[in-house]
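Both complexes below contain chain A, partnered by chain B and then by chain C.
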Partner chain A sequence: MTKAKPPKGLKGWAQGRSLWMLHFCTGCGAIEMPPTMTSRYDMERFGITPMATPRQADLLLITGYLTVKTLKRVIRSYEQMPEPKYVVGFGSCTVNGGMYWDSYNTIKRLDLYLPIDLYIAGCMPRPEAIIDGFTELIEGIKKGKFDGWIRYKENLEYYKRNQAMVMDIRKWSLDAELAERIWNEVQEERRKRFERATVKHVYELAERIPEGLPK
Partner chain B sequence: MNAVGLNITWIIFMPILVIIIGLFYLGAARKITARIQNRYGPPIYQNIIDVIKLFSKKNPTNHGVMFSLGPVMAFSGMLISLLFIPIGNKALLSFNGDIIVLLYLLVIAPLGMALGVGEGGNPMGTIGIARALTLMLGYEVVLVISIISVILYTGSASFMEIIKMQSGGVGHWFIWPLFLSALAMDMALQGMLGEKPFDQPVAPHEVASGPMVEFGGKYLGLLQLYHAIGIVVETGIFVNLFLGGGTLFWWFVKSFAVFFVALLINAVMPRFRIGQAFAFFWTYPAAIGLIGLILVAILK
Partner chain C sequence: MSLEKEQKVVDLIKVSFEDAEAEIQRERRVKVKVAPNRVFPLVAYLKGNGFKHFVAISAVDWIRDGEIELVYHLWNYDEKVHVMIKTRVPRDGGSMPTLKPLFNQAETYERDIHEFFGVHFEGNEKLDREFILEDWDGPPPMRKDFDTRLFSAEFYDQEDLESEALRLKIQPYKGHLKK
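Showing the complex of A and B:
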């Protein structure tokens, strides 16, 4: 089997010059998208237009923090997009959790779950930074530099395992059998760890009781 | 022999020419809308890049045989309609009654879309196509009324004959004697082109681009080509009936002018609800068209 490669030449050029974007406006960073799209910064001049459905999109833009619940929707949308497809993480929240670094229900590092091609850092990044990021993305795509979807397919097991740590990945995943298997493994592992923890805890308690008893 | 060779070249060359010019129309539409909104806008050839990209996409989702046949049917339906439209005083198929045949052929494309969307099974697509067919019910009536008044005025139902009767300068165009019919038809055209007060079928914010919702990659590419031809065909009907056809260059200039008017309205209008749009078509444009028809019948 030959290794899949990102498009180059005419195809790569067309892909770079016409990026249709599915912007997943989950976090507060999304508020910087309207100025980037409208009169002042106008990103349509680079051929970047928002699209309504993942079937038509080339670029998944994730604007900010993701709760575990939303992550599932994001991954489902990502898997429905036709190849070649690109993911851009937008804002510090996607890099390392940002100001939600100790939150109990958001994910901290997006690249554990999805193959990120480019980060635009900042909390929130200004439209200039967004445009700068997009121009870099366009230049990179023209040269065939970004290959996120290929990495995702090759390391599907890694990504699926990470996803299974935080949510139920059965029934909708790209490779249903693999997802089922990984889900069961992760569950098994979890049960064992829990059992071990409980047993240890009981022993510890039992040891401690005599000491704690009043004389 | 030479004439036959020329004809064959024209048959092969014309659809390609129309597709490319149609894509440029779409690009110009984006640019003009951008300028009206005080933006810089994409380059005018942006839609050609989009089509190249869409056709180079890999493994778009397919839901079954009818799903892939739908866009093909829409595209080929428009291509067949194109044969009946004289472009630059040259029609590939021309006989008495071709206007009526064209009216039937124009319906093939939305029906093809409906079949494809049905197989996709997305509720957004179903709503979109239901809106498209409802809208069609609205504007077809107006379209037929104004076409009948032209047929009544000229006594002929052939595009070539009607164009011939209008030859001899701007003063001979039918837009002057049949002004009311032309006005009604221009309103119907706004609905046919799917420009703004009547873009309910594809409204991205309401039904996620409607019929196109499940199509991606090459299917969407085919639909773009269908849209490009559709613009030329639909404005072409108006140009041939009311603006006197013309040589190749002037034909496209006129057709773009008709499209330009639609664009300007598109850029400043909000969207009707589908019920409002339907009611609108059956009141004002239909009334204007009927008055035009009655005037033609009396004054003829």
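Showing the complex of A and C:
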């Protein structure tokens, strides 16, 4: 008995039309999701449904700025998701930091730390823009153009090194040995950056603060 | 506009605390300046006189004076008067007695100020535990001499890593797809 082969493109079609979305609502972008999900714009007509846990989801939607503290949780969630998995950055905070560009604890570019497949730009994007982004995503998945999880695996060391620059990856990575090694490697660089950012600068800044502040 | 109830609060404070500089700032608002060691007895005294709601502790960094100002906010529900008690501790090695025996919620505010301004609160047992910042070994980030913009540029721009991404041919996004 010969094994029947599925028709070409069936896999992509099936995957693209059935996306379970883990919406990691960090910033103000979360407020655009309820109208997108519910009767007004009805995301489910594209086969996208919210899912509560990472282990049953295949689309990670990050809606807004990420503090270092949140980034740890996002990476932990992402690494638990089954393949194929896609990451969508949502709003300008994930693109370049947005209005949090000079904050001491928010990252600027999410694609340094996680393999982004698609960005939805805007501050905040309207539900129409989100639907447009999801249509792109579905089309791309059908054609097999999005390969974020493969890039993540192939360049794991690169991503881990970037993550280790801003956070202690040892507690937050599934591969503990790799995390330990890279964490030890980046310590010197981290210390240098830290010195440049704080120690020397304290005196200069004290000079710049104007005299005669109100008592 | 009468300021009778506010004046009553000022008088109440002046009866027992001669060293406190109490003044009416505006309607429903009284400002008191005291020495750090007088804050605890003053808050205890006000608590016994109707100021049942301990609202918050906030801090201001006066970098030129080398001091950090702590502001304790109290609210009286019956009289509807807000009292703010201001006191200053040195920036380096400044210490205050904790207000936890009087109001439990003070513990949380003190942990917050300890983390962001570096003020030590004597008697607060949870002070050394991480509160908001995780794995933070730098200076307290809300102090005026901490340059948040420079810190952000050093840690989150990472231009050298972006060029590394180009070398590895990691593309963040494969361009606009043709439909």
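Observations
We adopt the following convention: the second predicted complex is superposed on the first by the 176 of 215 C-alpha atoms of A that agree within 3 Å, B and C clash if a C-alpha of one lies under 4 Å from a C-alpha of the other, contacts with A are read in each partner's own complex, and residues count from 1 in each chain.
Going forward, a contact is a pair of C-beta atoms (placed from the backbone, for glycine too) under 8 Å apart; a residue touches a chain by one contact, two chains touch by 3 or more.
From a predicted model like this one, the values you see are computed outputs, not experimental measurements.
When the two structures are aligned on the shared chain, A:A14 is found in touch with chain B, with no touch to chain C. When both complexes are overlaid on chain A, the residue A:K145 reaches chain C alone and has no touch with chain B. Greater residue coverage of chain A by touch, when chain B is weighed against chain C, goes to C. In the overlay built on the shared chain, the residue A:M51 is in contact with chain B alone; chain C does not reach it. The contact sets of chain A with chain B and with chain C never meet. Residues 68-69, 72, 97, 101-109, 111-112, 115-119, 136, 139-140, 143, 145-146, 151, 155, 158, 161-162, 165-168, 193-194, 196-198, 201-202, 205-206, 209, 211, 213 of chain A are the ones touching chain C in the complex. Interface residues of chain C, counted against chain A in their complex, comprise 62-64, 133-135, 137-139, 141, 144-158, 161-162, 164-165, 168, 170, 172-174, 177, 179. Contact residues of chain A toward chain B in the complex are 7, 10-11, 14-15, 17-18, 38-39, 42, 44-47, 50-53, 55-56, 58, 80-84. For chain B in complex with chain A, the touching residues are 30, 34, 37-43, 46, 49-50, 52-53, 56-61, 124, 204-205, 208-209, 212-217, 220.
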